[in-house]
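Okay, so chain A shows up in both of these, paired with chain B first and chain C after.
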Partner chain A sequence: MPLDASYTAKTFKSVGTRPLRPDGIDKVTGRAKYGADHNLPGQLVGLVLRSPHAHAKIKKIDTSKAEKLAGVKAVMTAADLPDLTNGDQGMFDILDNCMARTKVFYDGHAVAAVAATDMATAKAALKLIKVDYEVLPHVTEVDDAVKASAPVLHANCFTEGVEPKPKKASNIAKVTEFGHGDVEAGFAEADFVIERNFKTEQTHQGYIEPHACVASVSPDGTGELWVCTQGHFVYRNHCAMLLGMDVSKLRVTSSEIGGGFGGKTHVWAEPVALALSRKANRPVKLVMTRDEVFRASGPTSATSIDVKIGIKKDGTITAGSAELRYASGPYLSMWAELGAMTSFACYDLKNVRTRGYEVLVNRPKSAAYRAPSAPMAAFAVESVVDELAHKIGMDALDVRIKNAAKQGTKSSYGPVYGPIGIGPTLEAARKHPHMSAPLGPNQGRGMACGFWFNFGGQTCTDLNVGQDGSVTLTVGTVDVGGSRASLALCVAEELGIPYSQVKCLVADTGTLGHNDMTDGSRGTFSSSMAGIFAARNAIGVLKERAARTCQGGGREVRQPRAALAQGDRRSRRQHWRTGGRPCRDRRGRCRRVLRHPYLRRGSRSGNRPFAHHALYGHPGRRQGGSPHLCRGPVSGRRRPGHRLGAERGICVWQGRSAAERRLPRLPYPGVLGPADDRYPDPGDPQP
Partner chain B sequence: MAEIHLWGALRPAAGGAPLVHVQAKTIRELFRKLEEDYPGMAPHIARGVAVSINGKIFRDSWQEPLPEGAEIYLLPRIQGG
Partner chain C sequence: MAVLVSTTINGDPIEFACEPNETLLDALRNRLGLTGAKEGCGTGDCGACSVQVDGRLVCACLVLGVEAEGREVETVEGMADGATLHPLQTKFIEHAALQCGICTPGFLIAAKALLEKNPDPSEEEIRFGLAGNLCRCTGYDKIVRAVQDAAKVMRGA
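The block that comes next holds the complex of A and B.
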């Protein structure tokens, strides 16, 4: 659907306000149910045996003693998860990561699992499983892994993206290149050229809640899964494929989520729990320990990035190049590709080239982490931009403004930009009081730009109107940070009713059509659009019913903004007084009859139930740049016991260029961390 | 005849060419013809390819038409966090 221009520059009543979150009370009082809080009658305890080696061949697994232990109901290995991926390499990698087949690729890689009646028995059973390994040399550092002498993880890994195709296997799974112009000519044109290497360590998302699930597979082949995840529909699809189940026969319910940040977009333990349940014919609960989370679930990539940038004395960047090596874990992914796309994307460059290397290492399979890959690339490029600005004696902010991408700029990854707000947000940063605030002792000020994409994806919602006029919005995008409140606000805005009258629920996979993950900044964006469309459908039906009731045409009926108002005794009286005849204003338009509960009543009144469904697939994705400004203590001179960021006066300002601002108040500039209240953000409404 | 720009990983499948010409009216048709003419692209398309049409990037909308003279780039299918 094209952008509806009539909804731009609109004054909102609900959107932009800050009501209580619907999940707030439950979370602060402990009522909210997270992944590990769900239990089923007769459930077993599931535990996973993990490799103590970073790289080894599995010669033999003997589970016979564990199987004989009293209380053990199932023991499984990769043999219980046969390869049903039908040549889909990506799904096979997920399968192999869930349960190692012929080799283990990292310390913590799952090799077997048990389901027992209690934790002590399960632990004892793990100790009875004997795995015969042939330990192999391993490599964990990204720069070591690309050396010719490095141990190769996969004998069939021949680098993609290079011509001619290599004949020798290596750990470089893929090379990808972006850019345009002549970077060598650009460097020759520069007054100064700086070249640096930056390394960033592997970082775990560090969500508070470990991975947890309860799986129950019935003898009739149907299954249920309760799990903490960022996308239960995708989990359903993956689990069903790996276990050979019909998608419709596996119902997945997402719990509350104690943080995800991209790390809960991949299945890890869930197929194992389902396979154990299927084998034991009992529900199985599998909860990772913190140790297991760090050893076996995906961190972001460790990287090594070479950046070279040339600049003229007037601040014009003449060329930029980057070679980005991203550790992908033991399986091919696209993390370096994303780093290569985003590294110079904030800038308008005539000559730019980026090359990304997906490097396989003996570490856990890398996972997404907040604009995956972009922060590391931005760190490298922005550090050199700062250094160049210092070299030519120009303010680093001015250098960025001078070179900022704008509408019509050919992006570093190819396409020409449409509207993109990196320049205006940089200008806003320059004017912001944080930029000119005097620095205290031992304080510094820094800024950097970043770039990321947004995509709509596939979304499905339901909107139901109750007999009392209250509204239930059912969505399939997991609420990772307050989206239920945002979505309720959008629907309340569209229907013209109070926020308190809308209840937003996250439904299980049997209730709605497919929804993509809550990732890529799409959850609120996409579900709010689907919710708004459902609300518009509801308004249309309401008008139609009102028109029938009034014996007048639909065109005569006013927008029924107040039609769902609760407790409207006056209108009810009015309706009965008129005997159901039209209540018209001086222009003859229906005025009050819309308020009557008759219009939203279901079969009791002869009307159909009031339920509205919306499917939404956003046609495309946009992108944006975002500058961050930070003012605070310089870390090199910290006092003993002083925690960086723990004192007042630490300010982080973020400017967002939302290229497609359908909900103008949602992506507002914010102050994060212990804010300095001397400089309240102009976009930050007072509570 | 649409002019299709390729990102680096796809170029080996087209003999190193940065762009190819394909007669296609929609994204679906484009992918089908690319797989026919450049079989090396098939695994990439199966893994996921996005299409930028005049700067707007389409991830799932295979019915999207390719306007005459549009700037068209093939790009990796973005994942989020």
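The block that comes next holds the complex of A and C.
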């Protein structure tokens, strides 16, 4: 989509203001309902039995004793779920991760589950389930898993993306390659070439709220699911497909979410809770413990990355190449692919080649984690860029500016960039006071660039104008960071009404058309676009209705947006009651449009509601590079009793484009200034 | 065998029955419907379940329900005075000291316990006082600023 030039340098009335966040009051009073805060009458407690082995064949599961325990209403294993063995491999993998079918692939892999009347009974029932395992050798380290001698997780895993297709099964599930030019020629041209290997450990997203859901399935095949998730529509689709339900018959409601950071974009326990409920014909609440969260829900990939970069003495990067091995857990993913795409994407390179290896290991299935895969790739590439800058005696910031991607650059992953902000934000970083602030003892200053996409995806919103002129915006993207405020601001801006008159709600899956997840940095971006389109639709209908009741045929309707903004609630109601007021103001312009409830009542089209629907599907990806500048302790020594911020950088500055700054009054996770306001706020938070 | 517990919660006399091995957190959440205190870890590491028992800051996941017998328990649900929010609640909203909000009830109770003991804490003392609470979203600075500001309001400064 081309940039809308009319919005460049536009002055906003609502966007950029600092209203109090609308979910604040519920969150400070304990009223906000999270995953585990919901209950249904007659609900059972669900618990999952997990594998103590990292890799084992399941020979037999005996649930008979557990089933006979008083208070146990359902016991299930993979045998109670559809067998997707010969179906879609992706769906098979998701289901197999929720409940192991023939093998367990990691410590914590679910093998059985129970639903009982209380927690004590459920715990006792788990102990009565007997699982016979044949323990197999396991492999957990990414570099070990690619060796020929490594135990192979799946006998049917033949590396995708290489020609010819291998005949021998391995733990390399897929190889993806990106790039252009001739990297060898580029290295030959360089004055210095540095090659390094970097390893990063897997890290869990560490959201404070464990996964939790309440499932209720009726014998007629309809179901309801309350769940903490970053995308309840996607959860609905996955759960329905995995359980053989009709998508339309499963209604999923997203709770407030106690942090996700990408980790709540995959179904883990939800299909199990639904299956238990279906079997017991009772609602089932399933809440993971912290132990289960760490053992069985997805961390980011552990990686091993080889980077090679060549540079000329003048700072020109002549070539860059990277081999990126990302631990995927036991199933195929796209994490190495994303690492391969993003690793050199900040730079304008003539010769670049990246190859990503999705490596299967006996660890929990890797999950998205805040620009998944990009930080590890950036760590590797940026470390080498720093070292090269040092080698040629040039400022590391200048090296980056010299090689920064710009409009028209062919990106390392293929597309040619449109407008891209990495260069200007680097220039801004150079001029920023942080760059010249004197360093204290034991302090250093560092900077690095990172790259991420802005995934568009599918979005659907509804905008309803109430009888009093206030507006409800109903969205289907879960609010993980304050998006309800941002979206209300965008709609208020478009309609020309105060923010206080717009209420933004996150609706359940029965209310709206499909919405993709709040992930890929898309939530606020795409729902605000859909909200703005809905608002424009509303303005169009307002104009049309004004035209029908106005002698001038509506041509004089100049300020339709003001229709909703006029007066306080009382006066708006008054206008509604005294509908027969003069049609024109002193300048002869139609005033009726300013009284839209009256207009609605008087409209020949009848008493139609003002409901405006908008669908938005962004055709591609936007992209952005973002430099981070950090000043802080060189060695993060921990002082006793100082868990809060003991190891933080003193100043972290993040460069972002102005378009991303919708609501300054939000916390900036991990992006903190000093405890004063000398420096401008860094911008919008990420989920 | 469930035990009958007589206690005071947020100023109201309450009786509830719970198992002897049941945590105060489970009793509050599952038996009394007070879901403001959250279970983030169940091991006293995250502080999301912070409540006060006789004015003392505790992790409700590390206290048994039966230990509430004869004591006064305060939870986030009791912080506001009718329709008037506690200054800490107001300042947390004003300073955007919350994002996802799951840790917020625990931080508010911990901050309240701190300010009851020390009405004029330094930044260092606030960070020390809240060291038992984890927040994954904010990075803590805004929480510290909110507590500083609330303390100022409460001192009438």
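Basically, the second predicted complex is superposed on the first by the 602 of 687 C-alpha atoms of A that agree within 3 Å, B and C clash if a C-alpha of one lies under 4 Å from a C-alpha of the other, contacts with A are read in each partner's own complex, and residues count from 1 in each chain.
Keep this in mind: contacts are C-beta pairs under 8 Å (C-beta built on N, C-alpha and C of every residue); 3 or more make two chains touch, one makes a residue touch a chain.
Computed from a predicted structure; not experimentally measured.
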Which superposed partner A:210 touches (first chain B, second chain C, both, neither): second
Partner chain in contact with A:261 - chain B first, chain C second, else both or neither: both
Chain B versus chain C as contact partner of A:337, first or second or both or neither: first
Which of chain B and chain C A:496 touches, first, second, both or neither: neither
First, second, both or neither for A:23, with chain B first and chain C second: second
Which superposed partner A:466 touches (first chain B, second chain C, both, neither): neither
Which of chain B and chain C A:480 touches, first, second, both or neither: second
Partner chain in contact with A:71 - chain B first, chain C second, else both or neither: neither
On chain A, positions contacted by chain B and by chain C: 261
Chain A contact footprint on chain C (complex, rising order): 19, 29, 34-43, 46, 48, 75-77, 79-80, 85, 88-89, 92-94, 96-105, 108, 123, 127-128, 130-131, 134-142, 144-145
Chain A residues within the chain C interface of the complex: 20-21, 23-34, 36-37, 120, 206-210, 256-261, 287, 289-290, 480-482, 641-645, 648, 665-673, 675, 685
Chain A partner contacts - residues on chain B that touch it in the complex: 5, 7-9, 11-12, 15-16, 43, 46-47, 50, 52-61, 64, 71, 73, 75-76, 78-81
Complex contact set, residues of chain A against chain B: 88-90, 160-163, 165, 174-178, 261-262, 265, 334, 337-338, 341, 355, 368-372, 413-418, 453, 455-458, 517, 519-522, 617, 619-623
